[in-house]
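Here chain A shows up in two complexes: once beside chain B, once beside chain C.
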Partner chain A sequence: MKRVFAVALGILTAIGGFVDIGDIVANAEAGARFGIAHAWVLVVGVVGICVYAEMAGRVTAVSGRPVFDLVRERLGPRVALANLAGSLLVTVLTLGAEIGGVGLALQLATSVDYLLWVPVIGFVLWAALWRAKFSVLENIFGLTGLVLIVFVIAYFRLPADHGELLRQATHPSPGDGEDWGTYWFMAVALFASALTPYEVFFFSSGAVEERWNAKDLLTSRINVFAGFPLGGLLAFALMLTSATVFHPLDLSVDSLSQVALPAAIAFGKLGLAAAILGFFAATFGAAMETGLSTGYTVAQYFGWNWGKLRKPRDAARFHTVVMAGILAGIAVLMTSIDPIQLTEYTLVFSAVALPLTYLPILVVANDRGYLGDRVNGRLANGLGTVYLIVVLAAAVAAIPLMIITRMGGG
Partner chain B sequence: MAVAAGAVTILWAGLAYDVARPADYRDYSRTMVQVAESAHDAAQTGRLVAQEQLAGRLTGLYSVAAYDDAAKGLAGAQKKFAAQGPPDKASAELRDRLSPLLAGTVEALGDTAEAGDDRTREIGVEKLGGLASQFQDFIEAYG
Partner chain C sequence: MLIGFDLLDRQILDADGEPVGKVDDVEIEDGTVVALLSGQQALGERIGGRIGRWIAATARRMSEPPDQPPARIPVDLIAEVTSAVTLSVRRELLVDPPLETWLRDHLIARIPGARDES
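For the complex of A and B:
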């Protein structure tokens, strides 16, 4: 019974934890501008993160060590440094975007400018990562993030043109006022939002924090194959409701306040409150994950003590890096860059850095020295290779598309 | 290495030329369409927020934040509008067509955001809806 409860809790937190500011922004923007013509990208992205998160979870459960640690050992410090540099830059920028997202959610609830919230959020985030237990943090924000389900229910309350939505999903095209350049730019951003590098590092390091071993492989797989797709469903609901409310009006979405509107139209103040709470939980939860991931990657690369299981004084350098990451994220926001814009840039850079994250995982997941008989099978290798090609294509296309489409503006 | 450096230099020079060359009608109309799109979004968002306020579906604090976001979008459009002068007579006609729409949106959005009663909000919904349609016409004509 205890195990069933643990598995259920794991799935629920994976669902709630899947959505972050990148998913919120990219899906709502795509829905408003292109309807659900990008639904297939979300499916491709969710399958991709499942493939690689399963590998990362398996590597950690069997070897007892996080993926990044093994990447350095297996591929050497130079390759691991490239991996570290790419993922760290993207993770710190994502951390800034998430903190900004929390600020924007608080602005919607209080009407106080998000920039005034940023230092407060930074302090609370640091204190939470310093003092609170890993499982408590994961469960509280993962479960609270589930209130985003309001967007799934809202879709059924909104006056949607189901036939038109089905046509958009089955005949993907840019539609009026858009072109293929902006369509593919948005596709790359959506793909990157589903496969953000920090997600696998956090999943893998979190498995070590929760002391997973080979017996937990089933739990890991259930979390991945049930939690992530259901999390993807929440992201799809954001796209769907945005496509229902904004797309018929030719209205672009470029603020969090707009993203919340469909929930308010469907359920009034209660729906609005649920949407704002969901944004807060999703972005604060992701801020914690990215904050910890900053420390995880650096500490694992240099071989320092790390993790929430150790007392802060025993993992001082890990906590220092986490704190530096939070300060760097705050510094980026204090330039007064719009958090939504920061998120858009982060998604582009994330797309560029994807191969640096996923290629080493594929290599390590095939090493019998770490995994014995649990190395990738044909299916995992086949899918892993196909996704590596997709990831490479997205990485190569990201910057040219950004320039040609002027950041998706057309 | 030298080839890569050469390629980057040529790319950079191309980009510099593209940014620095004087604007013509095509560039200007493109900018004006972008301005109209941003202003259209601000007007539509303001209309939606006011409409939902009238239906009692929004909290006051959220409405303030949502109007602020719409106003910021509109301010960005105005900045873009003012940043570039019309390079010829045809461009000046575009400017003259867009200018009163922008001014009207600033006024209507401000009045609706500050409205203390439902009647003013209803007028705001009507005005902002009308302005959004006019921006849409502009975008379709020149986009």
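For the complex of A and C:
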């Protein structure tokens, strides 16, 4: 049982990255509009985050330094400050969107408008980050989020046209009524969501919270190579079931209730309940991940005390930043902006901020001063370099694609 | 050792491994480093420009009493330089960071549960 809980950090990080509110809807929307023609993007994304999270986990376990320490040490205070500002903007907006996502899940269950839930969720979130043990949060929300497996099982219960799905996956193209611009916009958004910067901030800081050291390298690797593919699988299941149910009927998906429909069709009320529970746990988990990440990045940039391993009074600046992050997220939501649209914007901005986060990780993972003989091998360096180029390409393409396609509207 | 590459911007830890701050700047005399400077004031002055000046000015105003010079750690307190700079003393012996003290006394310590392990 200890082994099962040992991977909770990887699973929670991955769920926050792959099936947070924006991804839940983006994957289902991609499935409805393009079938599973974006399946390869998820594969590329899973491999990419595995490569970099493995490096980040290794650096942190061996040297004790989390990722934002490295960002500042290798990019210097000015560029790191720009990265901090960009990442913080993305993380706080995402945090707002996740709180809204929890609200939408509760709205599905209770029919009470999500905006009424927002202050309650904000308070519960803050209280959890203030009082609850890191490992407890990890285990509850990481493992409950796995209920989304219902979408994997649902696929086998639904009458699917397997030949057609296979054709979509192997011959990626926009299909009828869609164009390459929106196809690539979706691809960039799904890729960026797999590699969002707060995932590596959270994962490496979590490793410090769990007091990993060089002996825990294996734990780190198991977390990476079990957690992220599992997150990718859940994201793929959402795309797949949506492609099965909505794509043949030319229906589009733009709300959380529609995303839950395939599970409801396959399993009735129970399926719907499982889907809502999964949405709730995944979005709340993502809210915790982004909430803590705001504090982690700021504290690590300035060298402050941070983390839940200390009493709050011994990390006053850290807890103040987390609190301010939650309040800012709530303030953004209270403008009544659509939480789902909000994450679509943040994905584009995070695509732009990605290279500044991943370059320092790659550089330090080759530094013997930090890692001794645990530096990158050829495979990690080869893949790391290839992905750095892909990340740069996505960063350059993100804003023009957003403008040309009017946020994927076509 | 290259100051810019191996020392600046590293995390400073006290003898127990608790974070003290970053090496935000260094003081050099006759070509050797004599002290580490830490805190947002030293950082702001090093970053420069409008943002840097603003960070430094805010930190200067926060300090107790106001307009103190940046916190200075003489090099003979350094025990080891690896991926972090470890000191040979506990942080209670160093100057308390003013922002931490202020936020602790005025906000965080007043919330129930601030003293408990989570």
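Of note:
Criterion: the second predicted complex is superposed on the first by the 390 of 410 C-alpha atoms of A that agree within 3 Å, B and C clash if a C-alpha of one lies under 4 Å from a C-alpha of the other, contacts with A are read in each partner's own complex, and residues count from 1 in each chain.
Note that contacts are C-beta pairs under 8 Å (C-beta built on N, C-alpha and C of every residue); 3 or more make two chains touch, one makes a residue touch a chain.
Just so it is clear, the structure is predicted and the values come from calculations on it, not from any experiment.
Room for both chain B and chain C is found when the two structures are superposed via chain A, with no clash between them. By the document's definition of touching, of the two partners only chain C reaches A:Arg313; chain B does not. In the superposition on chain A, contact of A:Gly177 is made with chain B only, not with chain C. When the shared chain is aligned, chain C comes close enough to touch A:Trp304, but chain B does not. Judged by the touch definition given at the top, the superposed model places A:Ser336 against neither chain B nor chain C. Of note, the Cα-centre angle with chain A at its vertex and chain B and chain C at its ends comes out at 130 degrees, rounded to the nearest 10.
Once chain A of one complex is fitted onto chain A of the other, the partner contacts of A:Asp69 are limited to chain C, with no touch recorded for chain B.
In the superposition on chain A, A:Pro77 makes contact with chain C only, while chain B stays out of contact range.
Figure legend note: chain B and chain C, brought together by superposition on chain A, show a least Cα distance of 17 Å.
Put simply, chain A touches chain C in their complex at residues 63-65, 69, 72-73, 76-78, 80-81, 130-134, 302-306, 308, 311-313, 316-317, 319-320, 369-370.
Across the complex, chain A is touched by residues 15, 34, 37, 40-41, 44-45, 48-49, 52, 55-59, 61-62, 64-66, 68-70, 72-73, 132, 136, 139, 143 of chain B. Interface residues of chain C, counted against chain A in their complex, comprise 6, 9-12, 18-22, 24, 38, 40, 43, 46-47, 51, 82-84, 97, 99-100, 103-104, 107-109, 111, 113-118.
Against chain B, in their complex, chain A makes its touches with residues 107-111, 177, 245, 249-252, 254-258, 260-261, 264-265, 268-269, 271-273, 276, 403, 409.
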